[in-house]
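Order of writing sets the labels: A, B, C, D, E and F. Residues in every chain begin at 1.
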Amino acid sequence: MSKRIVTFGEILLRLSPPSHLRLTQATSFDLYYGCAEANVAASLAKFGLPVKFITAVPPNELGESSLSMLRSFGVEPIAFTQGKRLGIYYFEQGASERPGKVVYDREDSSFSTLRKEMIDWETIFKDADWFHWSGITPSLSLELAELCKEALVVAENMGLTISADLNYRPTLWKYGKHANEIMPNLVQHCDLLLGGIDESEKVLGVKMNEGETEEIVFANWMKAFPKLKNITSTHRMRANASSNSLNASIWNGKELLHSREYNVSHIIDRIGAGDAFMAGIIYGLITWPDDHQTALEFAVAATCLKHSISGDINLATVSEIKALMSGSGGGRVSR
Amino acid sequence: MSKRIVTFGEILLRLSPPSHLRLTQATSFDLYYGCAEANVAASLAKFGLPVKFITAVPPNELGESSLSMLRSFGVEPIAFTQGKRLGIYYFEQGASERPGKVVYDREDSSFSTLRKEMIDWETIFKDADWFHWSGITPSLSLELAELCKEALVVAENMGLTISADLNYRPTLWKYGKHANEIMPNLVQHCDLLLGGIDESEKVLGVKMNEGETEEIVFANWMKAFPKLKNITSTHRMRANASSNSLNASIWNGKELLHSREYNVSHIIDRIGAGDAFMAGIIYGLITWPDDHQTALEFAVAATCLKHSISGDINLATVSEIKALMSGSGGGRVSR
Amino acid sequence: MSKRIVTFGEILLRLSPPSHLRLTQATSFDLYYGCAEANVAASLAKFGLPVKFITAVPPNELGESSLSMLRSFGVEPIAFTQGKRLGIYYFEQGASERPGKVVYDREDSSFSTLRKEMIDWETIFKDADWFHWSGITPSLSLELAELCKEALVVAENMGLTISADLNYRPTLWKYGKHANEIMPNLVQHCDLLLGGIDESEKVLGVKMNEGETEEIVFANWMKAFPKLKNITSTHRMRANASSNSLNASIWNGKELLHSREYNVSHIIDRIGAGDAFMAGIIYGLITWPDDHQTALEFAVAATCLKHSISGDINLATVSEIKALMSGSGGGRVSR
Amino acid sequence: MSKRIVTFGEILLRLSPPSHLRLTQATSFDLYYGCAEANVAASLAKFGLPVKFITAVPPNELGESSLSMLRSFGVEPIAFTQGKRLGIYYFEQGASERPGKVVYDREDSSFSTLRKEMIDWETIFKDADWFHWSGITPSLSLELAELCKEALVVAENMGLTISADLNYRPTLWKYGKHANEIMPNLVQHCDLLLGGIDESEKVLGVKMNEGETEEIVFANWMKAFPKLKNITSTHRMRANASSNSLNASIWNGKELLHSREYNVSHIIDRIGAGDAFMAGIIYGLITWPDDHQTALEFAVAATCLKHSISGDINLATVSEIKALMSGSGGGRVSR
Amino acid sequence: MSKRIVTFGEILLRLSPPSHLRLTQATSFDLYYGCAEANVAASLAKFGLPVKFITAVPPNELGESSLSMLRSFGVEPIAFTQGKRLGIYYFEQGASERPGKVVYDREDSSFSTLRKEMIDWETIFKDADWFHWSGITPSLSLELAELCKEALVVAENMGLTISADLNYRPTLWKYGKHANEIMPNLVQHCDLLLGGIDESEKVLGVKMNEGETEEIVFANWMKAFPKLKNITSTHRMRANASSNSLNASIWNGKELLHSREYNVSHIIDRIGAGDAFMAGIIYGLITWPDDHQTALEFAVAATCLKHSISGDINLATVSEIKALMSGSGGGRVSR
Amino acid sequence: MSKRIVTFGEILLRLSPPSHLRLTQATSFDLYYGCAEANVAASLAKFGLPVKFITAVPPNELGESSLSMLRSFGVEPIAFTQGKRLGIYYFEQGASERPGKVVYDREDSSFSTLRKEMIDWETIFKDADWFHWSGITPSLSLELAELCKEALVVAENMGLTISADLNYRPTLWKYGKHANEIMPNLVQHCDLLLGGIDESEKVLGVKMNEGETEEIVFANWMKAFPKLKNITSTHRMRANASSNSLNASIWNGKELLHSREYNVSHIIDRIGAGDAFMAGIIYGLITWPDDHQTALEFAVAATCLKHSISGDINLATVSEIKALMSGSGGGRVSR
């Protein structure tokens, strides 16, 4: 049976110079809409799942366009139209040894005006099976962290499966709290977590001794957050801004499964790679609930393909991802 | 003798869809930098005058690019690098009966963090002859209005000629004061004013009886603000978003001079037309101090040409403007 | 109460050279999706009405993209995924005395594979109040004409209001029937008709004597098709490919109402103007059922604005159209 | 019978900013190839006539591309590959009251290295019926003027019809001779001349008294150059850079025929309008040798359409021009 | 002596999203014309050989433009203007592990309306030395296969050298015949064949035992088709969609020669690589008839360069290919 | 203390097809301004140093734009406005095994009209600390070589540090002198030299025996030119047009220091790499006068980053270069 998914988060306007130009060279910007949870929502809808996305946008053309984009994928946006502006991020593509660069201009956005008790979670979750959120939202303000908590309590009470991507961005946590003062209280409601061992202390407040393996760290996380059923992680071996290799792992409480490794030799756009993985593992665990290895391989193949796709959102289809999983790389033109 | 000019104001990033697309259709934005006083500064520099522009920009690529643009014209920017963001406005070009549309996203900009006593006006004005400001700046916050006042007092004390464009935008005045509570206190320092009679009460607090001619209104303004030596105004007969005709007038306390009228049948970009006029009249009064008619004709011809030029800034040169003044319109290709 | 609308028709890929280039100069094509009924659907959704669009598309990226476009407006497409190709039309924008040019390549499309008894009209019409179709569909093949008939019979039985745009394109009627052998049998089910008096004999088989006024002709149509409640028509005074004026009329059986006339001096894209009118009059009659004059003014103002918008679909909003109706043309930038 | 035509002249690279940008704003240039005689050649080939074009280009990619462009129309270029560079002109489109602007950079081109006795005119003219040249070539250098003379003598001896466009550009005559010291010696070989009465003295050395009509002036030209059979002229009523009206006349020694007048309300590109006329009148006189009025109407309709076409070359076809002549302007989309 | 070549086949319109966008992201398509035999024709013309191309195109702008493109290279198209449409293929560039993708929309094209006895092969082949065709044409319909046969019989009778590229595309063979029911009857007329050993049974009906080397397979082909003088093959080691290495071999009945191997690390466009090889080997065997190794090296170097060139057609010149053969790769900028 | 730098040289217009198209495919050119010394000037200004650039440009829009570009970086151009044209070079980006290609069209430029005694070097050098020139200028004409000499004598007399880039381009030396007849007379004034050992005889006239190491060759150069304090060199290991590795060395008379080696796996634009190094080493030696290793590492890291930046000018900032030096390659997006 197809799971009905609810995601919650902000959607941003992304402005990027074309053709690898630098921000200071740009005479035009290519325009995309996306952000962590929105990217997950769109990818899941592209996979064919029914998805709702809860957000807020300003009452202007930018807000309207961000929702149109989501609708074009079949996502059903439930958007509060309030506040003054759509958050922006400027993105400069990197190349070779020049890193990509993000300049955020997202403060005072419409999304940041959301507060507890504005959203009727019971109604939203009534026909839903799965709730997904990420660490971006609670990083933005205490009010948004409280709103996350509110949603999580309702979702757990109503029996939804809950997934989270820790998505730790130190520069976003500016309201006086450390991530590990906020996140554990939220992560305790989750069934599925995407994170990396370097986030153990800073985000989850779980001490990590030097040299501890991923297996040990994730076992400790499960102790700290006993509702967790799966912890998954991506690993990127960065050559430079144009070429990477990547793999992933998943810990189900018993064993740590490792995926195949992919070499992405010519990156088109790496933004949203983690979100592509998140959507992939959600789809994978829904589709192959008893075959975590296949779920993991699906997720990492999805991530690999995302690197070849412009914009924040993974446009790879289920059949394209399965083709890559079954070994047919990009070497042959599909006619 | 060439006058050295100082302007003071904000510079914004303008984002416009190409090719008359609507904002909701855009997959890219053309990128320009400009705003009232910056446009005046750049146009005056293009005319060959030495110009400084006082502003604040954020310490990022957008701030840097806005200054590079000004430098490319030969303007010397004196910019405080502080605050978080460059203000933005989205601009959708109109066509025929569809009006152009501006969506502002300029709050909390770097410029809005400027305060009294941050700027060493004495040093800035030391080698200057002329100070120009506009009603945009005091509309943004009480602090900026006070900063304007500070600058004006110093400029007057140091003997600079002072010009202002009333530039009344009702949607910008949001901090609890009406324009006419703030502007008279600033306009009293001015020698030259650009405004229209419909701004008499709302901006200057000068009562206007129905049916009063421009001559009478401007005479009343001079009574209210005895330092004023010239009041100038543009008049636009709007056919639609693609076609206008325009003329202008100037009142020097004795007579109201009227310019020739131009028909702009195919508008390329009308943003900045007022600023083009302002730069034109400043240049005109400096160049022909005893011939207000010629100064006025120069300014209105400059404005006419601005409508044919993309972006906020008038790129017309003195010789191109003079050619239009002397009757050679666009009918013949110049080889 | 908001009426729920069902439209039925083909969606085409439109390929146009950018920047007024001719087809033979093109090194790229701008890409739009649209066609008569799809344009009506999208415009009505943009006005805020719930709209379904019944069609067929091929199982490839072009089919998928055409549906994504509709979804982005909030239209709910109900699309059969079958057949081999999405129909195409190449469109060269005209300018001044050079007419625009359409090159059709739409034969053997997925839509043309639809047949009677494939579509469950009862289910589709269950929650609907209004059915719209146009003369394009029955022009394509006898099978599609029969399918139209099938839909119309069900819609009438289920009590839906039915509207049609005659949309007579002589070059499309290639399967051996004249329009007037097919269309009367379909038009008899309609409540609202968009057509022009020059289509009287060729499309409806209603004789027209020379010099007969629109009033007389439309009265004759009502006699021939007694279910008709309103007949509406647009009138275009063509200056050339860049400049037109237009008005419209509506006959409600008693009086012929005339709209205000608009001059569109700088046409951006005239494709879809009739569809913009159709959507406007449907919205108008739903919104002001007792005020045909206002409904008509809304429709013709919508049409006027469409000429300023690239692509097949009218992106004008209800508030923009009302602003134009109330007299504020494009002369002033909206800030 | 189809006439075989030979043209002789330079081909230049044209570089223009897109979208009405000024030269100083450009970050890219659109690229066209063309110049007077090449434009005539391409238009005649587009009309279906066999055309050869004699020229010289440098042995590099720019030279090669200019010939590829001609070949794409079916013109057979006979090109000397020598010299160092392809001449360039930068072209800024005008708009409304801002005139278009040409910046020449054509000195020391490959074409300027051509000399007498390099070209085997006898072979070239063997299968030809018509030779066309223009006043651009002899304006460039004395050597090129002598080369023109050489060609004209051979062409006349071999019985070809000879046409010329005076094409007087004062800024090009820089080698120490006035046009009227050179041109009469060349024009004496011509059967058909395109020129205007203001060129009478400066180019042809034929005195003109004030107030003399075109009829009188052209009659005087025929006296001065008795080989002339037809003199034709275009008249442009310049409104501004975006809108013109135009008509033409032809004098056949007996009567002065006048064409219909066209209003070009939205000019796309006016470069090459005269060359479009020249090609039109050559085609017209070949096709309707006994109906000068029709030939003239064809030529002026061709010119009208050229204004709607980007680039130097008229892409209008014979059937499009005839459609315009027969009254169907751009008002209706051709489907 | 320069050989005069005739090619025969279809020309398609290719539509590709720019900048590695996916088909579903495209708001514009880059436009190229090409297909197997047309690509060979254009490349041979670029090498300086006289080439004719026999085809059919519709009587519209797309047909005209496809011929203009061929003419721009100096190819002489002999085109039947008939039928309704130019075939299309949509092409999405791949990147890294995402494969390129072709969506065909080529049925019912003008080319597919060609039939036996329409084409006067005797006249076409009168001044020709070489005839080239490929397996694309007989894959499209039985009628086209018969037309190929007709051409081959005439060409053989008139003593032309005949070459073929097997070009096996399983998805194109849809009319009820297997390739190996059709192709052997055509290949028997050939002197030069481009194919791979995996096509032995499926295309040529020649059994291949497991583990047989290319040498043995090609020897068997020569037995089956005794007119064959050379069999050549390309080998691609696919890393992914962005990076390949490639080499080639040729069997002349006595020995199997192997080329140098090239690594194409950054593929720009791989479409037409096989056609580039075909043109290269034809040119090579004409130029170095007694030096098959050099001919082969020329062909594989040509293929290598094609991967760096956008569009279907190899724009590499003879001197560029020779430079690569002699060892100067792309490492140094040529000034 | 910040050193004030003067550079002297030509600025060219660069025209490049976008998106890796070949010159013969271009329908537009991207437009950049730059050339050796101008690139050094702009990069040094980007690093924050005060820089003047002495040149000549024509009195037209191209000349004006080249200066605007320099001003946008904060460079102060001192430009003679004379002569007829701005020199041009066409640049085709290479890819994989296809080399990049430069087509020069720079003869008869405004810069080439500069002569001895036109320039008031005393005034220019009055407030300067450093003078930089390159071997491009003396390669263009004997007059320019003499002008270089004039400048060098004044600069040395006034105590400026003098640097030169040998920049040997054999195709530029066309006026009858070999480089080694001219350059030694100029290099004798230099303190810092950028060159490679293969230029020893051809440019400096210093014999080099086979197998001599860089150390020995540079020691010989120091003997020949005793004013030299540092000789530096870049070494490029060319894989192909898309991928290189590079390192550099510096000889200070005592030891030869070697830099780290960088692999540039995905080159965006290699033009100006040497100029980026030159600017880097000037900045490095000014900033770390006693730490040649750090200066060298700065210069080579700057060069590495230039390969990722479109256009001739290195837009890398000091902090970006330092980040790369300290080990953070492009693998991680900077947020």
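Following the convention adopted for this analysis, contacts are C-beta pairs under 8 Å (C-beta built on N, C-alpha and C of every residue); 3 or more make two chains touch, one makes a residue touch a chain.
As the structure is a computational prediction, the values presented were derived from the model and not from experiment.
Colleague: Can you give me the shortest step count from chain B to chain E, moving only between touching chains?
Modeller: 2
Colleague: Measuring centre to centre, with centres taken as mean CA positions, what chain is farthest from chain C?
Modeller: Computed centres place F farthest from chain C.
Colleague: Quick check: how many Å separate the C-alpha centres of chain B and chain D?
Modeller: The computed centroid separation for chain B versus chain D comes out at 45 Å.
Colleague: Where does chain F touch two or more other chains at once, residue-wise?
Modeller: 18-19, 22, 24, 27, 68, 101, 266
Colleague: Chain adjacency by touch: line, ring, star, complete or other shape?
Modeller: Topology of the interface graph: other, matching no listed pattern.
Colleague: Who touches whom among the chains?
Modeller: Taking the chains two at a time, the touching pairs are A-B, A-C, A-E, A-F, B-C, B-D, B-F, C-D, C-E, D-E, D-F, E-F.
Colleague: Can you list the chain C residues touching chain A in their complex?
Modeller: Answer in residue numbers: 68-69, 71-74.
Colleague: Over in the complex, which chain E residues touch chain A? Could you list them?
Modeller: Counting only chain E, the residues touching chain A are 19-22, 24-25, 94-102, 104, 169, 171, 236, 238-244, 266, 270-271.
Colleague: Which residues of chain C touch chain E in their complex?
Modeller: These residues of chain C touch chain E: 15, 18, 22-24, 26-31, 60-62, 64-65, 68, 84-85, 88, 90, 92, 101, 103, 105, 107-108.
Colleague: Going by the contact rule set out above, which residues of chain D touch chain C in the complex?
Modeller: 18-19, 262, 264-268, 304-305, 307-311, 315-316, 320, 323-324, 328-335
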